[in-house]
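The chains carry the letters A, B, C and D, assigned in the order they are written, with residues numbered from 1 in each.
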Amino acid sequence: MDEIIMIASERPELNEPILVEGLPGVGNVGKLAAEHLVDQLKATKFAEIHSKYFPPQVLLDDEGVIRLVSNDLYYARGEGERPDLIILVGDYQGLTPEGQYELSDFMLKVAVDNRVRRVYTLGGYGIGRMVDNPRVLGAATSVQLVEEMKENGVVFSKGEPGSGIVGASGLLLGLGKIRGVEAVCLMGETSGYFVDPKGAEAVLRILSTLLKVEVDFSALQDKAQQIDVITSKLKEAEEPQEKRREDLGYIG
Amino acid sequence: MDEIIMIASERPELNEPILVEGLPGVGNVGKLAAEHLVDQLKATKFAEIHSKYFPPQVLLDDEGVIRLVSNDLYYARGEGERPDLIILVGDYQGLTPEGQYELSDFMLKVAVDNRVRRVYTLGGYGIGRMVDNPRVLGAATSVQLVEEMKENGVVFSKGEPGSGIVGASGLLLGLGKIRGVEAVCLMGETSGYFVDPKGAEAVLRILSTLLKVEVDFSALQDKAQQIDVITSKLKEAEEPQEKRREDLGYIG
Amino acid sequence: MDEIIMIASERPELNEPILVEGLPGVGNVGKLAAEHLVDQLKATKFAEIHSKYFPPQVLLDDEGVIRLVSNDLYYARGEGERPDLIILVGDYQGLTPEGQYELSDFMLKVAVDNRVRRVYTLGGYGIGRMVDNPRVLGAATSVQLVEEMKENGVVFSKGEPGSGIVGASGLLLGLGKIRGVEAVCLMGETSGYFVDPKGAEAVLRILSTLLKVEVDFSALQDKAQQIDVITSKLKEAEEPQEKRREDLGYIG
Amino acid sequence: MDEIIMIASERPELNEPILVEGLPGVGNVGKLAAEHLVDQLKATKFAEIHSKYFPPQVLLDDEGVIRLVSNDLYYARGEGERPDLIILVGDYQGLTPEGQYELSDFMLKVAVDNRVRRVYTLGGYGIGRMVDNPRVLGAATSVQLVEEMKENGVVFSKGEPGSGIVGASGLLLGLGKIRGVEAVCLMGETSGYFVDPKGAEAVLRILSTLLKVEVDFSALQDKAQQIDVITSKLKEAEEPQEKRREDLGYIG
């Protein structure tokens, strides 16, 4: 079989669209943000991408009907200042380095075929501790883009992330730069321990400004609250007994 | 060499056969069930499939004659209401995700070449504890198939299995759906700790109704009893001394 | 680069030669036996095989000159009853299942090109304990070959080896059977813990009878003695103090 | 996408240049040495090599602009006795054996295209303990080269390195020998625990004599001093308390 199979249900005519990528990764920040954008814009799925670089797995819907794991492309037509968008979300990233390169290369070809004029990749930046007000760090294919992003509140901090960006969010920039496609990566700070809707909100707030999209964040905020409840319970449970006794002493 | 090699000893003319797959997996439920079906129907082997996605291994028969590890295709002609069948059994599944995709893709091509009109994949659903009356859970490529299965006693339970279906039993459905081949996965509940003929019997009871096949389950039941003896002995051996003392106390 | 590169320094005209394979494996039994045969017959190297399925590694000779890791083909012309021989030895087996299949397939093609009429693969059969008089177990591509081997002292024991034969020694038989090349695997019993010249001697004694080759085993026996010295020292060192005290008590 | 992509910004006409390779490896000795040579000669980058055998990763510069991980080719024109040079440095070596072979094969083709007349590969030889005056060990594709190296202070010591040379520094020799490209590996002794500028200096001192290059080592020596400070601090921190008490006792 072909290494990558794209099944397109439609070939939308779009006007120099922007590609937004949000695949699973650190804290699932990018995936949550991109999926929320799909919901908010009521974007239309137009293609499914399957590949032997994904796990050999099907997922079940609530009825018991399966679907092969995939990456999916949605589009949303622009309105006023808002540009046409293509949004890439999915179940998995490629399992191997080779798979990562092949899949990102494929996505870029699809982008070029659709005359995409810029790519935004969304991800998380794991910092190993809980964070209340996540910054959104950036990386880009040119100095001009870096400047444009800074004006929109994206943080560029020397040495962060020190190890660069691994996976689709990085490769779409790296391969994009080689192919002359301008691209920006937006990374929401996150502990890296949990799925993090708060990091996703931070990323999406910046992106919605950049794309002139109106976004209602309440659904993401609800999810964030649920996670908060779980993590505080976990914290309590983990807190050593002695520590709590001490606390009581202090209160008393 | 070719990635997959099929050596066919015969090309049977079959009438829109049903393909039944039972390869090694959780509790070997699918493999046991499919092999029992081969035995019961005295099905005829017509093709061997070898692949570099299988382990580089030969197996020995009782005389010391080797055979290269393989997946094998059997056929059994229908009788009365019973349809023509192709049964896929084998020593291994593909070792890598890529191998899994390539092999399932190959099997589906063979199915289409043989005008297969439906695929049943058989597997186990590991639940991490011993189970006396295993349910048979299902997944399918369409809502209509789900309904048909429900009428035949297959359980569709939202969120089960939560992580989807991995391996050939899943991929034949996932790739089948893409290619327009209707397919159903039947999963017998099993602890996942042992080879489980009881789970295999449960799956085969449903399947035999669906296929109008008469099946004598005594051989499977004998195997199940043997496993039961082994597992109870293991349980006794593992039971901590104190626990037994307590028990005596309780009895006393 | 090509997956497998053969550099032949010569193309010997051989008369329906026998191929003997001895690559690294359990106890290096096969490699030791085949290399000893090369030495004894003063066989001539005629081809080197390199492959990206081997480790990316060069080895150094005593002068500091490197050579790329390889599998090597030697030939020895027959004499009297002794047939022409091709002997395959080398530094490594393929690192992956795919590599194993590709390399064995390649070797078989070379064998067929050279009109090889039979293949002997040599290996070890690890039994997890020291053994003084190693048996030589067999496996073959046909019942006739099994019978012929039995007459020559090869042991065929139902269920041994239970897990079949993994690697080149198995695949040359498995793929050979498919291609109509008759092949036998001879496995010398070995602990599996050490390089085992004793196992190699056992295998080579049988093989030398089969091939009508006169073999002087003294070099192998010297190596075996060296290993014996090392292993007895290790045993002493490992023997627990109490055990030895007990022993003294018993003697006293 | 192609397995390996070379993006050349220039095609310099060079006069039978020497290729010097220094990629990451044990103690990063080769990389440090080659990068120092690039700095000292103010060599010009003329090609970037990307590959799916590298990690799927981009790195960020201080401004936040990304670049895809790569291997890079620099050239420096000769002067007087100094020959034209091509220097290969980079972020990573290939991740898999196959990748290693493909990349080294590719580099050799580039070398041949540029009429390279000799290859020097630079690396570290890990000896598992700190070393004050690292020797430079050698390996080469011919006895003549070994002799020439010995005259220039390179140590050839039977059995060192016992396990041969793994990775690009070995493969360029191994594949080079097959293709008729003469090549030498220079290995600076190093503990293998730290990035080791001292080992790099040792290698580069020999190489600079061989290439008639004037090298100012002060930058490497500064780095070495920084590493020394760090390692002595680590040593102190690790030294067990008791040990220090003892020491005091001894002093007292």
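One rule holds for everything that comes next: contacts are C-beta pairs under 8 Å (C-beta built on N, C-alpha and C of every residue); 3 or more make two chains touch, one makes a residue touch a chain.
This is a predicted model, so every value here is computed, not measured.
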| item | value |
| --- | --- |
| Self-contact between copies subunit C and subunit D, residue sets same or different by half | different |
| Rounded Å distance between subunit A and subunit C, as computed from the means of their C-alpha atoms | 54 |
| Distance between chain centroids, defined by C-alpha means - subunit B, subunit C (Å) | 38 |
| Touching two or more other chains - residues of subunit D | none |
| Pairwise touch network: line, ring, star, complete, or other | ring |
| Chains grouped in pairs wherever the two touch, ordered by label | A-B, A-D, B-C, C-D |
| Parts of subunit A lying in touch with subunit D, wherever the complex brings them together | 94, 97-98, 100-102, 104-105, 138-143, 146, 149, 156, 158, 161, 163-168, 170-171, 173-175, 177-178, 185 |
| Subunit D residues within the subunit A interface of the complex | 1, 5, 7, 50, 52-60, 62-69, 95 |
